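Read the structure below first, then the notes.
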């Protein structure tokens, strides 16, 4: 039997991310038909100390073979290094902080989603091409937020103004006042989950009318559903889209909708891919045979909903980054695939990683 | 006659109200000096200033010649000022012994000793028994204050003050709430004490005051209007109108 | 007007009253006497519903009140000047008077006439009043509820002789106007002239009841200690 | 730094202050006047927000939702008072802390049970959506202005009630001596239930308004609760005037600090550290303010208790 | 210590010695660590109990001291691992030294906080201690060098001369000795002259001052000692978890330590131990039984306040005796 421990965020403002990762993951497990896999799931409430406690419990009491599920990079930084050093596999369905891709990489750590900088870097390039000159950029102050702005600037260059907000912040009046006063020509923001909803709603009510851009994290289907028409027309970058045309994806979207009655977000796709990666490796080796299992993971021998998928030398994906636009949907707005921003993107930290 | 306490030109105002208005008085060894006056005359305020709870606006207080005006409450107590309160301040769910012991322990030196156990300290025990005996409370020494009668509590308060081996006692209405027999007991107790420890006594019970006091000062609107032996005060017309009334 | 029959009451496990009987006729002043700790205050607390009687009956103006909550008893017409004054410390003198006032002959003006001192201190916080001033306030506050029966528990404690004389005069005047009174006070020589009847308590029991002139020296030395 | 930014931030500070005041006023009644430490006051804020969000979504009208939210908070408040709080007035603060801490757990989990763990989203009503142009020329959200106006009204009403009416005197008297006020004919138990419910209703109102602006989620009341405590302690516990002034002081200090400090640190640090240090210092700022006030005036700015 | 309370205390002590050993022999690493957690939380509460239970100082900010202990351990380990120095000082991974620094630092901070806070009374004291703790909390958040809001992992547990601290049962042994030492110290202090003065400072400040003992000094000293014990618990907690974060200083944590003291029985020597056992076990096992554990924990706590005055100790051992 294989034991998988999933630590993810199921409550609070970040919960729809964790819920989609979980649902995508469990959908794949269910579809595999395997009954010898036990998945234990616990809510970290987006708190690093809680995540740490849960991981201790999974490792010390339940002897799990594989850990997965963490959404937020600050939690990942608290949990992953000691877990992987202790010899347990950690497969990230989401958080991709730069240290874990570079200097602190580990042979037992894999990221199936992206490295944190990726989508932002792609958006920086896109905005530059689109002729944006003076963006106001903002992100929460935590590892993924810093990565986001670093990624953006790596392709765009210096913005008009950059500020950091608090993780989990719900009132953006001060930021909006600064945007209004800044003389910027546009806004780029990375505010995943509830933060994005609060920001967009308040932004729309503020009377500021600069165009906004962001990664898919700021415009997933749940956020769009809550903010309504305010986001119509906005462009965002993603490594996946539900209307991405490949048979694996079509089947995934259809079965996810059938199972859960909603359209999957990118997080669901990441959870689904993560489970399928693990399943593909389990076909080849048991986690107890660590070297063989690792090799099987590295091979990434599964059908990704993203089409082509491969691991870079630092166990992070090599993949296309897409551009989507928010359009009016059936009752509420939705994302539509409009093109590819970068093909076969590789993250910027692989060179720093030697394992 | 040696002078134990001297107050000179003490003044205290609350806003426009002069609660203490240039009061001077003395307390000599071996005497009970009573302070009487109408309600709100400023007696408690005066006691408060002597004990250190209220900071005077002007004036000085000397204890056996030493100026104590700037000292804190605790420092004055250490210097030899014992007092009781109009409303009981005893710790209700501790015994009489425990309440008195605190005072004895302060008398016997620093309280910043963390190791030795007070319960085993024979010296303290003897000191406590001594004063509890003085106020005839030995038989109820281990009863929690909450279970004592009003009169008994008053006596424990006095014992606490005595345990300090004070140079003088400040008593604010010690008879208040005591029944007639209680008042008599308290009067007897104070009469016994006065040769050892002089007392500044605030009291509305005139029978007790006239029985005990060697000197009486009358406070009206914060100022002393008369001072002298009981017989003189009793017949002073100003005092009669302001306080005693006709009887 | 008030009839108390065989009440018993306790503080937690400690029983304080073991059977108190007491009858007050309308328009009379009744003195409740006894040494310290004999249960006078507890009897009053039981009447007012503060320490409810566990046994026995209390009838006030024909109505059984033993099991009513205290505010209902008060509204039925009992006004209390409690032992220890218990003014509302954080309210001003004036607020203390009007917070619980009920319409009737006593109002701020009449109380101020009785205690001019209170008028002088009208805006002062009750906590900073002198002991005697607080006592006046407690009496004034009870009067302002215009009770049918006024209960005074050691209401002259801590008052200057002149003021006491005034209060006793006021009580006499009240009685003359038909006010019923229940008085606890330690000074016999002041209470007896006012009282129409007395009850003596001894260890939580009423041991004697009768008019003041029937109170012999023997009784007073035995039960009151004079 | 442009003047328009300062003005807008001052308004934001005012709006935060007013929201805090709505919480703080209820707390100051319960805590200051009734003498009860109620850590669960934030839960009532949450109840108001959840019920408003839920009813608004099902009925389709914010206003009906708001009414329901306020009423639900008041009702829950009354229920809690009768079932739990009533037994705690006579106890010391410790028992109150434990009991109301337990209530937080119960409310949080109960809300999660009823409404799920995910945030609910509430839309600002059409009437108050969008922005108006201020006299100075820059636009400002109508809804935030509405919050400010409403807070001012509540403040005035409460101030009059507490300081000018017999009801207010009785409540304060009840805190000073609960038994005695009963013995003088006031049904203090019912009165307290009503006051508690009023405090709860105000918290519910605050929760609903903030919910519409931000989000409605379990635990939303706790940060606000702590700030509200800070507010009433700065203002002087039990003083409605103090709560108002304290709230505005805290709101403006916090909001201004949040933009001024990071930009000040930005002059000699990189953006990420400047935000971190600046905004954390900004969050410390109000506690510094509080410590300073208490160090100088141990009873807060407007002490009501001059106890002997 | 006589009567029923003595028996209960003995039983608690025995349980703390025997149960973890049995778990160790059964190979239940996780539960041995859980026992360490109980003991550490109990230690923090024993510290608070001195101020709150015996001294009547309701500190709502003891998590600050808990966090100080934690951060001393975390920062030492952090530098030791990276081989860097702290303000030019080389750091240590020796627990005894870390404890000493934690305790001293917390003492100094408590002296400052106490000197200001003890000027206030009652609810103001509760709130000003909370304010100071919040300041430290935000300071920890703001300090990016040590992880800021995200916390600071301790990848390698600190060491104790002659012992293998990685071994869960050894580490438990260290914790339990620390707890017993602090309990003994508390008992001694409360029986001493200082303890008598502290007791009176709590019950009747006026009485104490009238006796010539300045209540402020007594309180401040007790507050400092109390903070030191809690800081020691914090240092152990950091090593147990291998992680320090500002949440160690949050008001939630302060509330939790306080709840444990109250739950166990305020001002009872072993109350905090009983409280910690009950609280941590309830949290863990209710958490295992139901997702809604918070609801049930809340109900149990509520029931305890409403129906068992004096907490667990009050419930089973009756009213406290003072002699």
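For clarity, chains are labelled A, B, C, D and E in written order, and residue numbers in each chain start from 1.
In this section, a residue touches a chain if its C-beta (ideal position, glycine included) is under 8 Å from a C-beta of that chain, and two chains touch if they have at least 3 such contacts.
A quick map from chain label to UniProt name: B, C = Branched-chain amino acid transport system ATP-binding protein; D, E = Branched-chain amino acid transport system permease protein.
Not measured: the values here are computed from a predicted model.
Chemist: Looking at the contacts, which chains touch chain A and chain C alike?
Modeler: Both-contact set = D.
Chemist: Which contact partners do chain C and chain D have in common?
Modeler: Correct list: empty, since no chain touches both.
Chemist: Compute the shortest path length in steps from chain C to chain E over the network of touching chains.
Modeler: Shortest path length, in steps: 2.
Chemist: Per the definition of touch at the top, where is the C-beta contact count highest among chain pairs?
Modeler: Counting C-beta pairs in contact per chain pair, the top pair is D-E.
Chemist: Using each chain's Cα centroid, which is most distant from the centroid of chain C?
Modeler: The most distant chain relative to chain C turns out to be A.
Chemist: Using mean CA coordinates as chain centres, what's the chain D-chain E distance in Å?
Modeler: A distance of 31 Å separates the two centres.
Chemist: Centroid of chain A to centroid of chain D, CA atoms only: how many Å?
Modeler: Distance between chain centres, rounded to whole Å: 36 Å.
Chemist: How many Å are there between the centre of chain B and the centre of chain D, using C-alpha atoms for each centre?
Modeler: Roughly 48 Å separates the two chain centres.
Chemist: From the C-alpha centre of chain B to that of chain C, how far is it in Å?
Modeler: Distance between chain centres: 30 Å.
Chemist: Find every residue in chain E that makes contact with two or more other chains and list them.
Modeler: Counting only residues that touch two or more other chains, chain E contributes 148.
Chemist: At which residue positions does chain A touch at least two other chains?
Modeler: 141
Chemist: Can you list the chain D residues in contact with two or more other chains?
Modeler: 112, 272, 276, 279
Chemist: Any two chains that touch count here, so list every such pair.
Modeler: Listed in label order, the chain pairs in contact are A-D, A-E, B-C, B-E, C-D, D-E.
Chemist: Within the complex, which stretch of chain B touches chain E?
Modeler: Touching chain E from chain B are residues 51, 72-78, 82-83, 85, 89-94, 98-99, 101-103, 105-107, 110-119, 160-161, 163-164.
Chemist: Applying the document's contact rule, which stretches of chain B touch chain C when the two form their complex?
Modeler: Its residues touching chain C are 14, 37-44, 86-87, 147, 149-151, 173, 176-184, 204, 206, 242-245, 247.
Chemist: For the complex, give me every residue of chain D touching chain C.
Modeler: Touch list, chain D to chain C: 166, 169-170, 172-173, 175-177, 179-189, 238, 304-308.
Chemist: Can you check the complex and tell me which residues of chain A touch chain E?
Modeler: By the definition above, chain A touches chain E via 47-49, 52-53, 56-57, 60-61, 74, 77-78, 81-82, 85, 141-143, 167.
Chemist: Contact residues on chain E for chain B in the complex?
Modeler: 188-189, 191-197, 199-200, 203-204, 206-215, 217-218, 221, 322-323
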